[in-house]
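First chain written, first letter: the chains are A, B, C, D and E, and each begins at residue 1.
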Amino acid sequence: MGQRIIRKKKKKAGAAPGTLSYEGDLASGEKVQARVIVYSKETMREEAFAAFARKKEPASVAWVCVEGVHEVAVVESLGKIFSLHPLVLEDILNTNQRPKWEDYGEYLYIVLRMLDYNAQALQVESRQLSLILGPDFVVSLQEENKEVFAEVRKRLATHRRIRFMGADYLAYALMDAVVDHYFSLLEHLGDAVERLEEELISQPVPETLARIHHFRREVLLLRKAVWPLRELLSTLIRDESPLISQDTRIYLRDVHDHAIHVLDTVETLRDLLTGMLDLYLSSTSNRMNEIMKMLTLFATIFMPLTFIAGVYGMNFENMPELTWPWGYYAALLFMLGVGGGLYLYFRKKKWL
Amino acid sequence: MGQRIIRKKKKKAGAAPGTLSYEGDLASGEKVQARVIVYSKETMREEAFAAFARKKEPASVAWVCVEGVHEVAVVESLGKIFSLHPLVLEDILNTNQRPKWEDYGEYLYIVLRMLDYNAQALQVESRQLSLILGPDFVVSLQEENKEVFAEVRKRLATHRRIRFMGADYLAYALMDAVVDHYFSLLEHLGDAVERLEEELISQPVPETLARIHHFRREVLLLRKAVWPLRELLSTLIRDESPLISQDTRIYLRDVHDHAIHVLDTVETLRDLLTGMLDLYLSSTSNRMNEIMKMLTLFATIFMPLTFIAGVYGMNFENMPELTWPWGYYAALLFMLGVGGGLYLYFRKKKWL
Amino acid sequence: MGQRIIRKKKKKAGAAPGTLSYEGDLASGEKVQARVIVYSKETMREEAFAAFARKKEPASVAWVCVEGVHEVAVVESLGKIFSLHPLVLEDILNTNQRPKWEDYGEYLYIVLRMLDYNAQALQVESRQLSLILGPDFVVSLQEENKEVFAEVRKRLATHRRIRFMGADYLAYALMDAVVDHYFSLLEHLGDAVERLEEELISQPVPETLARIHHFRREVLLLRKAVWPLRELLSTLIRDESPLISQDTRIYLRDVHDHAIHVLDTVETLRDLLTGMLDLYLSSTSNRMNEIMKMLTLFATIFMPLTFIAGVYGMNFENMPELTWPWGYYAALLFMLGVGGGLYLYFRKKKWL
Amino acid sequence: MGQRIIRKKKKKAGAAPGTLSYEGDLASGEKVQARVIVYSKETMREEAFAAFARKKEPASVAWVCVEGVHEVAVVESLGKIFSLHPLVLEDILNTNQRPKWEDYGEYLYIVLRMLDYNAQALQVESRQLSLILGPDFVVSLQEENKEVFAEVRKRLATHRRIRFMGADYLAYALMDAVVDHYFSLLEHLGDAVERLEEELISQPVPETLARIHHFRREVLLLRKAVWPLRELLSTLIRDESPLISQDTRIYLRDVHDHAIHVLDTVETLRDLLTGMLDLYLSSTSNRMNEIMKMLTLFATIFMPLTFIAGVYGMNFENMPELTWPWGYYAALLFMLGVGGGLYLYFRKKKWL
Amino acid sequence: MGQRIIRKKKKKAGAAPGTLSYEGDLASGEKVQARVIVYSKETMREEAFAAFARKKEPASVAWVCVEGVHEVAVVESLGKIFSLHPLVLEDILNTNQRPKWEDYGEYLYIVLRMLDYNAQALQVESRQLSLILGPDFVVSLQEENKEVFAEVRKRLATHRRIRFMGADYLAYALMDAVVDHYFSLLEHLGDAVERLEEELISQPVPETLARIHHFRREVLLLRKAVWPLRELLSTLIRDESPLISQDTRIYLRDVHDHAIHVLDTVETLRDLLTGMLDLYLSSTSNRMNEIMKMLTLFATIFMPLTFIAGVYGMNFENMPELTWPWGYYAALLFMLGVGGGLYLYFRKKKWL
């Protein structure tokens, strides 16, 4: 049946904001992984999260990278270290947020959706990514253990350039990695839809319809996850927050461009699927016509013939034709004439 | 038939604003319940509404919680106590308002809809909630006796934090409770729609169609009730009214987020139901095709056979085949050949 | 056929603005009624229009209430008394304006549509109301003699409050009466649509379709008449014109609210009618399926049987079955078997 | 086939702006007519265009009225006389512009479409009108020789008032004449659509469908021509150009109103035609049902009867019923019973 | 199958911006052509790109015209010569950008799509054009070797006027050439659609449907490529960048106009194709009706006749009609009466 439309909430309506509990559905037994990477122009080191304490190191950036948010304790300790607002903590744990960003003065809170295409279930999986961008730190919290940021870690280790920039550039690099990953999702989805389109044109089967419906549903939910990204990025670029430098804004503009591209493609997929449904219905209707024509051909030709045969099967005593020696052959010829005449008539009328 | 589209108005067109009469349909015989809760950082007490008088108590907040608005006298006395504008009193009683807020200088008047899913009638019930937010008081008027605010009352009694904040925070807490409650409504509705979707794919019946129509209607009316919420909250957050503090605005932003989430889900439900209607129509059309094929198979095969039998049932005297000893068997064989030939032909043409 | 889409214009294209002639279709023989009501806090009196002259009476308001605009002379004398712009006079007479307001400095010109539901013709009737609001006068010109303002006149006579307010409040009261009247129209229309919906679900007939079309057309034209009201009122409220006081703006906000409510309801009706059309088509399609199934059942069962009977009606000399003493009964049994078998097969396949 | 969607361009892509050639399709052999009317409060005279030279005459306005733009020389000489920008000359000749206006400092360039209803071809004809408004001159260039401005010329000759106003008022008068002319187009189109609607409801034929399609196409292209007018006029009114006086702006507001009215009507026609298509499809579907019912009635009643007759036409030797003296009558009665029973059964089931 | 919806990306998600590789699908073996044209009022010369170095020549403009972007080295050397931002280089190579422009202070980066109609594949081909506009240079990079700019080169060689203007005018001339070229694309597409429309009305075949779907898909993708142009140009015109002079803005306004015209036409094509799909479906449905009527005519007339013949083919001993001398003729007459009666009845009912 594809994704759920509405995910259940566990929190009671009316409860105080700040009552923390994980609201997602990925609370596996696995331990939450939390790494801290501290880097500056010269050095880069990895620390254990447990031992991490925020200290002032000039010109260095700390990246706390958390994979899994189902352990409330980890989120709470993050809240204490970076003095986060209770609503931020709540939103981190309630992993059904739409993409958004909020300015809390000392830091920005950014929510993105990480999207993956599950090729088995033919369905889009959507996980939450929370980013907290401070003057000298970035906290990233993924709902699931994903390899999306591996490339960024490698660049931190090998390229010096990324280490010359501030925390805002790191946040950009993470957002860019997430949005770039959408393209691979779209490639898979686009391929699947184009395969479906070919099937539709060459040999539609009843299952084609259910598949079109399935993809329309997926694209519907995908669109819901991607749509807010456009405004998120355009407001983030225009905003005056001192946490993001002018140089980084130019890079964010590039992410914005990619997001619009993604959105365009999603809209195109949607329109295409609508067109495919129309096409399916029309070709169904065409086939119906073909079948009806066949039926009509047989019925309109054989009904008169059967009637004629029935007439000469009547048992009246006085039926002169029956005693004619060539009567039988005349009747057969007559029937042939009627049948052939009707056939030619229909041909001429282009009904058949 | 679901909800009424238009509720009757009792007031005469052209009557003066301020002529008060209850315009809803819940004028049960039950007594209107009105409670007053006065709290400050240190204390909290409940007063009888009859005995309530507005007095200046520094740093304390009074919450007048009215359940039922069908007694005009109660509303009128509220109007006197808090010097409310006649239009506010009229809007409280005319419980068919769309969500909105209005600034009357000394207080804000906010209208929300409380939504509940009636699982028996499979239908959304929409009741009006009026909030009046003053510098040191909040008046809440529910059309019906609902338990939505029980949790807020409990927090007032047990948590100190909510008592440290002003009247604006209490108003936020009430609005948050209302909007949070929408999610439970959406869960029920979403479940019902997904059950319908499964029924549609596995075994659609004619009633499925009426049910899709029913839910489209409900979602239509639900959307009408939720749509204005978005603008209500975004303008309330941007507004400069001194009655709402900056801290509370951050919390309202959270409610705004939830409202957009609700709206997104409603839109998704709508699109999904439209898709389901398309799917229903298409699968109906598919079944029609199946039936037509069956009919065509039988008709096109048996009509020629019946015709042949009719020919040999004719009573011509001179029909040599009839006297052949193996004529009958030859005729049967011929029929078998024609029938089988047609069957194979249709098979090959993939018509059957 | 319902309302005309386009009303004929009599004025020649290119003619000078200010060439006055009545462009509506209500030029009955009846005399135009024009009344002048002059009121202040203390007094209220009615004057004959013929004798009316604009004079400065401090703190008093003159309401010129004209019923019928088919007499150009009346409109022209109004133009002279209040020095109205030629375009205003033209718009008063050309009663096919959309709702709008225009600021002419010394006065505002406001056009509204008065809507009524003609229950005989099942159709919405739309008449023009022109309001001219000056500092101490209001002119109202209705195209038809309607009782909509009776209530306002009564309030002027009995309530002192309305007499304490200025001309702007009177204009508000008139606009409020017009918009309030829309609700009664919507009630009638909504009732008719809901009756149609019930008919549609219980027992649709071919006429149902024509009725759905009729109501869609009415709602289309109704929407056209109501839609501009929203912007009219919101710009009127935001405008800085000194002719409307702050107090009256609060009341206008209330009318604005009602207008949005009306518009919402019209949109809901529109969506509902679209949904009903879908439902009609689907249930038609369902019935077709039922009928086709019945046909298929009979055809596929009786065609083989008739064929068998035909076989044994053949006149071959050598047909051993015919001479068997129990041949006839065996044939009947065989037919019963074939018929029953087919029936059970279809049952099992759920085709029937 | 109605109008062409895209008109061919003759100019080569990449050619310099200012390479002048007529791009329309009306290059008839007829001579271009160019008249110059110079008027002031006191006098009015007509000059030959060939002899015309721009000279300063205080308080007088020159109207150069050109009918036909297929002679490049005329347009070039206009360009020299009034020192027009090369792009203006190009746009005058390329008569497929959408309505727009452009401020060139010393003059405004305004493009409108002149629309006519060709009752023979049942199609809308769209021609370009270019207006150039300077401080003391107006140049109007029509693509075709139309009588639309005859009324304006008559007013210039007879009414003094129009001669008291400046060039901007003349430009207004010309635009007003063009937009007013739209109403006559809409009347014809509206009549044609309403006739079609009546035909649709009383007796739809297959051609009705093609006619609906034809009108939808016309309205589509009409909408494209009218849509930009709305913004054209609203920006022209708000603009600060000193070439248009405050007084004239009030008159332009009136044209704006008319344009919105036209647009509303076009939208209504579009919605109506969509509704008519739905209705056509539905009534087609209804008729299909009627026919299917008829077929089903005959088939389901006569198939069993024919089978029974076939049974008693079998040639078994031992068929006791055949020898009963009243067997024949019993068989007829039995058939009557079966047929009547089926008929009553269908009646009861409301299938027929 | 027409164009791909999504083009594959080769770059890894998360890779650093500035890692350059060509992402298009035109990496043919052909050498990239790069020409440099340096011109001033007096002179114009062509240089080899390899030898090109940016030097200050007062009042002269350098146009670097690159055809093919599949050689990263060329793009990199451009980046060095004009000190371009890494993101610009990346966007030049990633040739799947949507139209946009970006201000990098010292230069503007503009992306357009060059569109061509491939008449063989009946499909729109979209290639990227990057423009970099500096104070005294323009760089144009086409993905493919196209003749679109030939006309501009000729004007540079022959017309002096274009050499009097700055680099901004050259950029305008290039953009104008690209947008003008769209019209030829639209002419071809419009012709193809109109041919399809004629085929649809005169003699629709099942392939017509697939062709309508094909064109809808093309128009969908075309729209995606053209849509952003509108905003691109309107923001470019309004922008304050000193790189574009006021004079050139007037020319850009003209390109803007053309872009809107293109967009309008694309929308019209889209609406028209939707209308054609409706028409196809409706005419299919009409034909179905025709066929059904034919079937019903034959079935309802011949079934009763065959039944009558069957009755007189029964073998009852006592059937008095059979022995009447004129029984046979009476039966034939009776059948003729029944058949004719039914035919007239259907005629009267207008079913046939």
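Remarks
Note that in this section contacts are C-beta pairs under 8 Å (C-beta built on N, C-alpha and C of every residue); 3 or more make two chains touch, one makes a residue touch a chain.
Quick caveat: nothing in here was measured; it's all calculated off a predicted structure.
Interface chain B/chain C: under half of the residue numbers present appear on both copies, so the contact uses mostly different residues.
Fitting chain C to chain E on Cα positions gives a rotation angle of 145°, stated in steps of 5. Centre-to-centre separation between chain A and chain C, using Cα means, comes to 41 Å.
The mean-CA centres of chain A and chain E are about 25 angstrom from one another, to the nearest whole unit.
Annotation for chain D: residues 281, 285, 288, 292, 295, 299, 303, 306, 310, 313-315, 319 touch two or more other chains.
A ring topology is adopted by the chain contact network, closed into one cycle in which each chain touches exactly two others. Round the ring, the chains follow in the order C, D, E, A, B when counting starts at chain C and proceeds to chain D. Those residues of chain E that touch chain D in the shared complex are 148-152, 155, 159, 161-162, 173, 176-177, 180-181, 183-184, 186-187, 190-191, 193-194, 197-198, 201, 250-251, 253-254, 257, 260-261, 264-265, 267-269, 271-272, 275, 278-279, 281-283, 285-286, 288-289, 292-293, 295-296, 299-300, 303-304, 306-307, 310-311, 313-319, 351. Those residues of chain D lying in contact with chain E across their complex are 1, 4-6, 8-9, 11-17, 85, 87, 90-91, 96-98, 100, 102, 104, 206, 209-210, 213, 216-217, 220-221, 224, 277, 280-281, 284-285, 287-288, 290-292, 294-295, 298-299, 302-303, 305-306, 309-310, 312-315, 319, 321-328, 331-332, 335.
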